[in-house]
């Protein structure tokens, strides 16, 4: 595990056979391996191979992640990560963040689709998430939810621009720009980069553990 | 007055002599003429020439507008325009909107610098502005205030992106993009185009008068 | 009805089952719900479900909108919205504006394909539309029709850039840019955002009612 | 004279001494030489040197062009070029086109500032320009005048985007984009490239001469 | 025929039935009608309908143009247009220019694929094209052929950027930019806009006729 | 102190008198106030006013920050922030991060100019910084240092793109893009946004304290 | 062989019959011809035609190149080219470089997928490649490997940006920008332009031969 | 000397005192140090300090480079670099390439201003440069000279885009794009990056030496 982050393979664009081989090899060496952006067919093939090899597998469909391991769930620590989305279209990206953070030992609490509907859903959501050490907030179109959250909590907030929207800068660029220009204190990852946000959040939450 | 909008001259980039001559001629024909983006020196020259010609002048410094007329203030009607800004850097643009709307016969109410400080200043501001027929909201950096206002009032809202901010899309482009991508219902004008927003708002407010 | 705008769901990218469920729930609570960008298959499923649930449905094919309601057409007021297009490719976007404005109680008059053919078709069209309180004008490619209309009428004009055209800035960006830079007084919405233009226009037209 | 176009030197960014030397040498060889974008100081130095060398000079201030020649005005032919501008800020660019076309033997007729004021000034202008073989039309901001002219005349029209305007694509890019996307038939040159438009128009007008 | 340019319909994106109806109506009124960017299926339907209606049709496959007329070929005049391409991928765009220029009465001479192979193919090609009144030059990737041609002939040259190439600005933008920045005298049309270049060239060539 | 972040005023573009007044008022209410991007003249005026008002002031020249407070240094906790720069041009941005993190109670360790000189300076620098809870890494031009650091430490890393460089994307855009695309796990702030990076890092480091 | 580079045909977008005919003709004249970006079907057709015509063929699948020749492998010289990739997605581009360099007489040594895994794989790879006269380094996403290599070897390094990655500048633009901004000494080719990099490297390596 | 390239300091933006100190220190350690982009004042201060320290200095004004050394000119080898420019505005960038290549032991031959004047100046220039091992070609505006040269010589060619030109992509971007899209084989450096091109060319020319 380099820098506390598990081996991660990008499944997209890889031949299924190659993906299976790479994952088995990594799991052999490191005890644990993730693939992101797996298609259902790729996931099925990996699960079958894992079964034959006596490895455990975890397939998260919405997150499009599959995890192979020798020994099941990773060791838990006290770090808590909150993951929020503005709309439903952002959930696929948020789920990627959730699974990677869990695989790095965090407890993850989620509150999805709390942005479009207005503040009346956001306030109770934030109360449910109280106790989190760090917030990952995914939002598309104008991407303002991360700044709103950062104005309400005193913990670090990471914004994830999502490639929803249409027209001018509609592929996530408007969301990226508005997060970078925000008057609130927040950091940002690439458009749709749920994996990076989740791993970074887990590194932050791990600080709570060690101290 | 073409389409209900007074003659307007862009002073920026014009020789002072030319500006004076154009404004005197327009006022002669149309009874009233505005210049936007006037420098202090240009304004002084126009005021002096107006005095000699027996015309009335109104110089709004922060708005950088000067108005010449034969007969003083324009005829008032019942239309009310609200003008808001997120920060102090947006005021110069908002003032341009205010003056043009007043010159088109509207009552204008303002609430400046209500964005950065958070919701606690926005709510009382909106109460003060109650009764307005249309809202002009100027904001730079991530430009989210117009969408917030549009989610709280049931009248038309016009967003004005302002060229504050730095770095990526820091010349008002991030604000423009986020307003165009907004999930709220609002329309937008060019970056720093306070004049267009004010004149459009005045056309809207005039509907309240006529009915 | 938040801010006078009915519940609106973006059908694009949603599972048909989810769409049906969301719309039934919203209609239950609010009495009325719209979905935009519905595919024919989605529309058929929604209509079938509405029938079973004893709800009324209205499917506008060119607008790609479906409306569910408990009680049929919305209450009409005196506000009149005019919707124009430059070409035929802009009609799909204009229709989205028309339907939402109707659903917000306005009378809508349309004049489509009056730009390319030149001024000889525009003048009679504007005469037919006389009495409108606000103009929505959709145009692609160089996007100049909104500015032309704004130079001829004394009511507020909203430009809608449409993603027709090819080559340099051919996805609606040239139209957006030319509307923002226009010397005429007009406001703008995102590329293809007929919904936003129609809802904003309806908010404006509603002023005529109340006064 | 390569391809019928006189020797042209870009004065901007050149040392005055170098400019003088280059122009004297070119005039010696080719009988005639132009410099564009000359500062007043550069023009004065060139004129002084021309006087000493027994050469004729022509300094056009608004065009910022200086011409040296052994034998005065170029030979005239029957070709007629029309040059129009939408506003006053476009005149400096239009003048560059006018002078180069004259130096290539054309008669040039101009009609400046006929765009902003609306159609009532354009129609009489076009009547004055009747008989022209080609039209050069300079326009900034949304840059629509060339397309309007092209819809009214049956001769070739060349659009020149001008770098006026502010905000989004306000350095002439919006004008360039709208001219390239135009439904009318017109060709385009670079932003502020009055020289290219004028020389190209003169090549066109020369066809009328030869036939 | 508005401004000497025949009625032209953009077939792309139109229903076949609508296309047929529009073309029949236009031909009825104007005697002649073109459609550009027609698919093979659209062309077949238009040809069949033309046959039934007793109209003449001309289908140019590589140009993707179909022409309907009451009276066959247009009246010829003395104007000659030259059309060149740098590579083979540019031919589809060049053919569009050729057909429209022919439909406007010009003789058109072509020289295709003379750029990539180097100067040894270009010089004989230019000799074959001698006598042309105007040159249309289509080029993708870096788009330098128009400037090369403009440096060798003394007639007007129109550059057409073509959307070939890949990578940075590989959709024709690099070609557009290099043509606009060219030190040679040439004008430009939109990427892939063979129609505009051909119609503009025909307007130029028509000057040779009249004189 | 909203969300644990002290009151911060952006001095750039503010009148000196306004700046002084705002800072005195904020310090009165909150006990502490920072201004960023202060000019030397602004700083001198603030310091003078603070002296008269019996307030303590801290002026950090390279960071261009001035701090007013009633009670001197903020309360320290155990959190440790590391701040690195690739070159010397990045130091002004890094210093902004350092001062804000100190004002939020952190210990800050710095290692400047460790990128250009190659890995041989980076390794000892990272050893000096061992024990830090979070790393802020500022880099211009191609902006690769944050990714290199993130590959070597197991703590969260925040990249700050700096507006050094020239040519293509030379205003910090290349650095921003390369950080967002990085295969390493890191989050990013706006170009030159040292303040945001420092405040976010301090929020992270504060987790170490509380646990 | 123009400039020492063999005849090269871009297969993409060409009809199979045309491709076969062009390649046979070129091979007839020049003794040797390459096609890049060939589909499997195109390659099969070319190979079949080559067999009938008594020509030798070489099909490199991952490089998507097919070579026809009268006399087999090109004459070898002492020049050695090294080709490296950061990841596996870059191999298709690197292979294009490898094959063209071999066809120009070079020995090519490769080291693929040495970037993502970190420095521990790069150092042994560079030792294996010792003796190379020039390095071609392909990398996508943030594209930093070429700069790292250029900091470790004293031979010329050519960077090839690859169109992998997603989100902001994810089509190879971030890699292109970071290579152009690099503090290391390296030159760059277009995104995915393995052919250009390989041919340029072969021209460099040929210098070692001649001296 | 890292990778055969001398220590280089970017003077632009550095305090004169700092520059002097850095250069003296580097020269002490490495025997030789360059600074690029030095102002006349900076150069004078460095020369004075060098005199006092008993070091040799070489100030190249047009290149804006100053070199300090213990032992005078670098050791020469057989490598020959050719440096060409299209226009006079490109010379400042070309000179930067020339001086760095000389400092790396190459003989440099130059041919400046051979592009705009057409092929008749280029051919004799290339004959004068015969025997060069590598060509550096600087060009602004449309940037086509590097491709022309690459079509005429069989040695490696490096294109340097220069930030001359105005209007659309007029800051060197058009030149960069056209070089990257070129059908000829050439590599590219950043806009105005004469230093990188010269150092890379010197690395290539050094191959001729060693063989």
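Order as written gives the chain letters A, B, C, D, E, F, G and H; numbering starts at 1 within each chain.
In this section, a residue touches a chain if its C-beta (ideal position, glycine included) is under 8 Å from a C-beta of that chain, and two chains touch if they have at least 3 such contacts.
All values reported here derive from a predicted model rather than from experimental measurement.
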* To do: Could you tell me which pair, F-G or G-H, is linked by more C-beta pairs in contact?
  => G-H
* At the chain B/chain C interface, shared numbers over all numbers used: above half (same) or below half (different)? -> same
* Structure fact -> Rounded to the nearest Å, the gap separating the Cα centres of chain D and chain F is 52
* Could you please state the distance in Å, as a whole number, between where the Cα atoms of chain F are centred and where those of chain H are centred? => 37
* Identify all positions of chain C at which a residue touches two or more other chains, and write them in rising order. => 2, 118, 151, 167-168, 170, 173, 176, 180-181, 190, 193
* Structure fact -> Chain-chain contacts, ordered by label, are A-B, A-C, A-F, A-G, B-C, B-D, B-F, C-D, C-E, D-E, D-H, E-G, E-H, F-G, F-H, G-H
* Structure fact -> chain B partner, complex, touching residues on chain A are 116, 118, 141-144, 147, 151, 165, 167-170, 173-175, 177-183
* Can you list the chain C residues touching chain E in their complex? -> 88-89, 118, 164, 166-168, 170
* **In the complex, chain D residues that touch chain H** => 2, 13-14, 161, 163, 172-173, 176, 190-193
* Asked: What residues of chain D sit close enough to touch chain E in their complex?
  -> 2-5, 78, 133-134, 150-156, 158, 176, 180-181, 185-190, 193, 196-197, 199-200, 203-205, 207-211
